[in-house]
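Across the two complexes that follow, chain A remains constant while its partner is chain B and subsequently chain C.
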Partner chain A sequence: MNQQQLNTRISEIRDKLTAIEQKPDNRIWLSCESENAYAVNKFLFEEVPLRFVIATVIDSDDYFEVLYHYAYDEIGCMVTLKALIRDRENPAIESIAPFLPGAEWIEREMHDLMGIEFRNHPDMRRLILSDDWPVGVYPLRKDAKKPAERPDGEPSRRPTVQSQSPARRTVQLSKPVLPVGPFHPLQEEMELFQLAVDGEIVTDIDMRISYNHRGMEKIAETLQFDQVPFLVSRICGICSASHPLAYVQAVEEFAGITPPDRALYVRTIINELERIHSHILWVGLAGHFIGYDTVFMWAWKYREPVLDLLEEITGNRNNYGNVRIGGCREDIPDELKPKIIAEMDKIEKKMVMLTKAVLDDPVLHVRLKGIGILKKEDAINYCVTGPTARASGVDIDVRRDEPYAAYGVLNWNVITQPEGDVFAKAVVRLLETLEAIKIVKEALVKLPKGPVAIEVKQIPAGEGCGHAEAPRGETFHYVRSDGGNRPVRHKMRAPSYVNVPSFKASCLGGNIADVTITLASVDPCYSCTERLAVVKDRGGKVLHDYETLLKLSREKTEKIRKEIL
Partner chain B sequence: MGLSTKAVKKSPWVFHVNTGACNNCDIEIVDLLTPRFDVERFGIKLVGSPRHADALLVTGGVTAQAAPRLREVYRQTPKPCVVFAIGACACGKGIFTTGYHMVGPVDKIIREIDPDAIIAYVPGCPPKPEAIISGVVKALAAI
Partner chain C sequence: MNNEMQVLFWILVFPGFVFTAVLGLLAAWIVRKVSALVQYRVGPPFLQPFWDVRKLLSKEVLIPQEANKWVFIGAPLVGLAGVLLLSTLLGVAAFWPQKTFVGDVIVAIYLMVLPSLALILGSSASASPHAAVGTAREMKLVMGYELPLVLAFIVVIIKSGGALGLAAIAETTPVASISGAVAFLVSLLCIHAKIGYVPFDMAEAETELGSGVLMEYSGGLLALWNLTSAMMLVALPMFLVVVYLGGFGTTPAGITIGLLKYVGVLVLIILIKNTNPRVRIDQAMRFFWIGCGLVLVTAIALATIGNIYDIGWL
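This part shows the complex of A and B:
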């Protein structure tokens, strides 16, 4: 479909909408009343069909707005549906999670933070706020009191809303429950999943997150437009170039700012350097999980020169703080160009060697192929992005679908694999690293002359969506401005937020020894997801801890090696 | 210097606690173990349980949900132990100071259960691996 056909397709549901607006050409804004939201969402997701990105809820004095963001990747168009909830006292809307599993978490989050009730949601337990957070206190509302002024509500360890639906998914604690985590010796973050097991087979999985929730969306409302990039680069230390870029693109979109060409190239180079170091980091960790510690050490050694380059360009190994509205803060000095190209050549050789070693290793083939398969339809239903989607045959990449920075004028390929298993995800990341090296080199050669930033006087009122391809997938930022110097609402969605729930599809029916590598295969980033998980022993017997799990995983590799060689 | 203090200072084993960090300090800590910095040559080892640890490397400004877990981890660590608050957030909540879900910083949470805890601060966003090594060396020299 081209833009014209998409518009026609969407206008088929015109009678349920109150407004259709198109600004700029590839952003469509639909409005409807809350009663019609379910039908319109079903139409958009199943009939058109669009990819669900995330939902945002906005507290606009007299009413609540729930914004459902969709993307049509073929032509890089974003469709936003605004549903108005006029009843401020008991805000409620029909849940879309029954047909759209990818929306389950965000509806729980909107309930926690803004107090919207989602009717017929399959599992409305607390997701993002802490266990002892008082009931009925919604921090994202405009009238929310600061913690110090807040009356002590009744702390609750129970869900604030009991699920109405019989299809409630929780791990049955009467079964043996295997907690994975919360503290891994080598995984940087706390993380925990409760796995219900039947013998060696995983039968159910549950996740409790909140541990890393820092409340950034509220903090962003207190910062000026120019300060926000410093905040969002700290959503995740490994995606600290793509988050600010997505935010800045959202603001530039509705403010009508076009950054100079050189800035676009500098943004591309920094983002690709970030992708290189992030993917190498993942290869190392994946090697560790299956008992290839040599790969871990070598991969992290190869990663160091990339961090050195980033430090030389931006002044910091991580958290670059380089992108700003209207351009970039720091330029890449011309005398640094030969050094970067020389380093890229070195890394390319090493990565080619590493890729060959992985692709030719019979043990890895047996160990990783057919493990943790995420089927294409599951990938679409859970709305996963990035390498996780591309390894399941879903051909999406923001860099190509809606070219930003300088990606539109450079030559590179989108890597996809049809299988959906752990091996495919490894292949996608390894080959993507080589593509990223190619992009950096080409961008450096073509780097145009000129300034890297333009002066920005004022941010007008408006709203915009920006997205960028981070190493783990699409980061999405929605910004609304009322013409003041601070955003009135800023929604951030990191790729792991949609990738992590797909474990439900990829882990079930698998073997315990395969769980660590399956969980690791989406490159989960819990600070991205703004939350972490811990399990408390609620009487369920703990069968294995992390060390045993790691041992199981490694023993399986060792056994395979002996059988093969 | 008592025997237990000497044991802490020789080959300190460390346990890594993320209490709501952005992953940045955390990858720099893992970086310390890999070939360029390789702190294992000094006997510094990342261990899988706080019960084996001489020191805690705490990152993040402590979210409401992580605070009870941090206290529990501290209780489980054999004393004497050194708590390292690594990064701007752990030292003073950093950019997240105004967040509604933040109850830290690290020293406040630890001092609630042990006013005499030994706490060392390594500021930076993120601190470079060299800075973390330097912080550990200085703290161990001071006790």
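This part shows the complex of A and C:
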């Protein structure tokens, strides 16, 4: 289906829409009233069919806007449906989760943060807010009071209060439950999977995330456009190249900025280096999860040189802070090119060896094949992305579908596997690593001369969607500007947000031993967690507050600087 | 020294508690150090296993509220006693062959299962859901490997002409024949499962059950389990050396060669541990019963044929 046919398809529901706006940059914006949103969504998801990406709710002065973002991957077109909710007092809209399981979490989130009621939602528990958060306080609304200014004088967090309301997030499953989390050797971060078990067989699963939500979307509204990349690169240490890139592409889109060619190549190289080290990290962890610690240690040793290269290019092993609106901050010096290529050759040899070892190991076959199968239709319904989708035969990859940076002119392949089991996911990641090495080498050879950034003076009013293929899948950013120097709304969606709910489809009926590796197989990343740890001693005295940490950090920098000079 | 004193010395000092515990912690260090080297790590300092036990002994023992207290506390003692008697029995057979009794090998096989049974008891008394799953797995695993272990032992009895004493068996070298070698390899895997190393560590399975059977144990009780597993690292390979590899001998040269055999078995165990992922419990059981079982039936047939027609290498 080409653009023309897609337009024709969408115009079939013209009577339910109030506006269709086609922008030249491969974006379609639809508008409708909230009463028609359910029907239009159902049409877009089931009839066209489009891939659901995420939804954003925006607090505009006298009404709420719910934006449903869809993607048509065949031609890389993004379709956004705006539904207006005009009743500010009791905002409500029909839930789309009954036919679109992938929208279940985001509707819960919108309810938590903006207070939108979703009618007929199957499971309206809290997702983001903690159990003791007061009812009726919606932190993302523009008129939300700061915690200290609440009218009743209560602190917004009351740790001693245990809410018994249906909003409580942890449910009691009826069968014997094996808790995986909130702290468990399987997970590096906090999350709780409650596995209802019948002997060794897992019969039900309940997930709880967001033990420490950092409120990044709110913070982004307080930062200037040029500061936001540093914030979003801290969503996750590993995806710290993809998130800023997706954000920057969203801004560049509506501001009409075209970065210079060299910047596009530098972006590509850094993003692929990120993919290499992220995939190797997963291989190691997966080995550890099934008790294969030798693979764990070897893989992580192979990963080190990649981090060293990234440090040499950008100054940091993680949180590169390299991409900015209009280009990149740091260039790849030409004298570094031979070193990177030599290092890539070495890593390629090791990865070929590791890939062969994994693909030929009979014990690994027995352990991983036919385990945790995510069927293709489930992959589509849960809207999963990245290697999780590609291993289930869903052939999507933002790098190819809507080429950004320099991916369009380089020669590489998208890896897909039809099986959908854990082994397929491992194969996809291992082969993708080899492809990424190929991309880095080719991009280095073709690296054009010229400046690495252009001057950007002004960000106009407008809105844009940017997405990039992070190692775990598509990361999506939506930015709206009113012409000021800060975004009025910035929606971020990390890939794990859609990948994790798919456990409901892939884990049930499995063995405990299989479910744990299945949980790990989407490479879950609970990135939207912590902002700043304030440690208190037993007397309640704060040991490190923001100022002392800042001071400590500055002193350390000063010390290192003196040592270097 | 009268007889009781000598037995006491055997049990408490040599070849019993002191000897086995020190050698076991040393073996535990070797396992950790070699694994570390295989994995590009530095590994722990020489005395680390001793420090671990000492530190655990100084820690508070927490007993879960719902636990069956006495079973929970008693189980590690039973386990330790089992492995202690086992190593004493094997040591006496190795170094004082004239002091053994007929049928001691059957006692040894029974003693070998005692630590696993104690572990099952202790973890099922702890009232933790993770331990419960671990217990179920440990039980299935024991049922899995006991059958091939006994079947393999039948090969040894046939090869040694019906001997039922450890000292008598130690004089033969069953591994020097096809059936004996097969029986040795299978027994090695069974021993591996008994120690509970990867690929047969599903009862502990850190990333699934958060150390499963041992989950609720802490402080001194956990130290006892650590000590028990360290002592198993002495007793179980020693069993293989005595039964399959011709024992230790009583001359200094014989003891040195015997020690080398022991180290060789330990190295094999470390290699298996580091080159495999954890398997599922049903896969392990299928492997032990069907895989190992069929192989051993063939081995027994070969050994019998060899015995009848007097062909030593069969």
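Everything below uses one rule, namely that the second predicted complex is superposed on the first by the 500 of 565 C-alpha atoms of A that agree within 3 Å, B and C clash if a C-alpha of one lies under 4 Å from a C-alpha of the other, contacts with A are read in each partner's own complex, and residues count from 1 in each chain.
Everything below uses one rule, namely that a contact is a pair of C-beta atoms (placed from the backbone, for glycine too) under 8 Å apart; a residue touches a chain by one contact, two chains touch by 3 or more.
These numbers come from a predicted model, not from an experiment.
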Chain B and chain C placed together on chain A: clash or fit? fit
Check your understanding: Between chain B (first) and chain C (second), which does A:Val197 come into contact with in this model arrangement: first, second, both, or neither?
Key -> second
Partner touching more residues of chain A, chain B vs chain C, is chain B
Discussion item. With both complexes superposed on chain A, which partner does A:Tyr211 reach: first (chain B), second (chain C), both or neither?
Written reply: first
Task: Return first, second, both or neither, reflecting whether A:Leu231 touches chain B, chain C, both chains, or no partner chain.
output: first
For this session: Would you sort A:Ser11 into first (chain B), second (chain C), both or neither based on which partner it touches?
Result: neither
For this session: Please work out whether A:Ser60 is in contact with chain B alone, chain C alone, both, or neither, and reply first, second, both or neither.
Result: neither
Partner chain in contact with A:Met297 - chain B first, chain C second, else both or neither: both
- prompt: Given the touch rule stated above, what does A:Thr516 touch, chain B (first), chain C (second), both, or neither?
  reply: second
Looking at A:Leu178, would you say it contacts chain B, chain C, both, or neither? Reply first, second, both or neither. second
Distance floor for C-alpha atoms, chain B against chain C, superposed on A, in Å, equals 5
Chain A positions within both the chain B interface and the chain C interface are 184-186, 296-298, 301
Residue positions on chain A within touch of chain B in the complex are 129-133, 139, 144, 146-147, 182-186, 188-190, 210-216, 218-219, 222, 230-231, 234-238, 240, 281, 284, 296-298, 300-301, 304, 317-319, 525-528, 532, 534, 546-547
Contacts from chain A onto chain C in the complex sit at residues 176-179, 184-186, 197, 199-200, 287-298, 301, 363-364, 366-367, 511-514, 516
Per the touch rule, the chain C residues reaching chain A in their complex are 35, 38-41, 129-130, 132-133, 136-137, 198-199, 201-202, 205-210, 274-283
The residues of chain B that touch chain A in their complex are 15-31, 34-36, 46-48, 60-61, 63-66, 69, 73, 94-96, 98-102, 125-126, 128
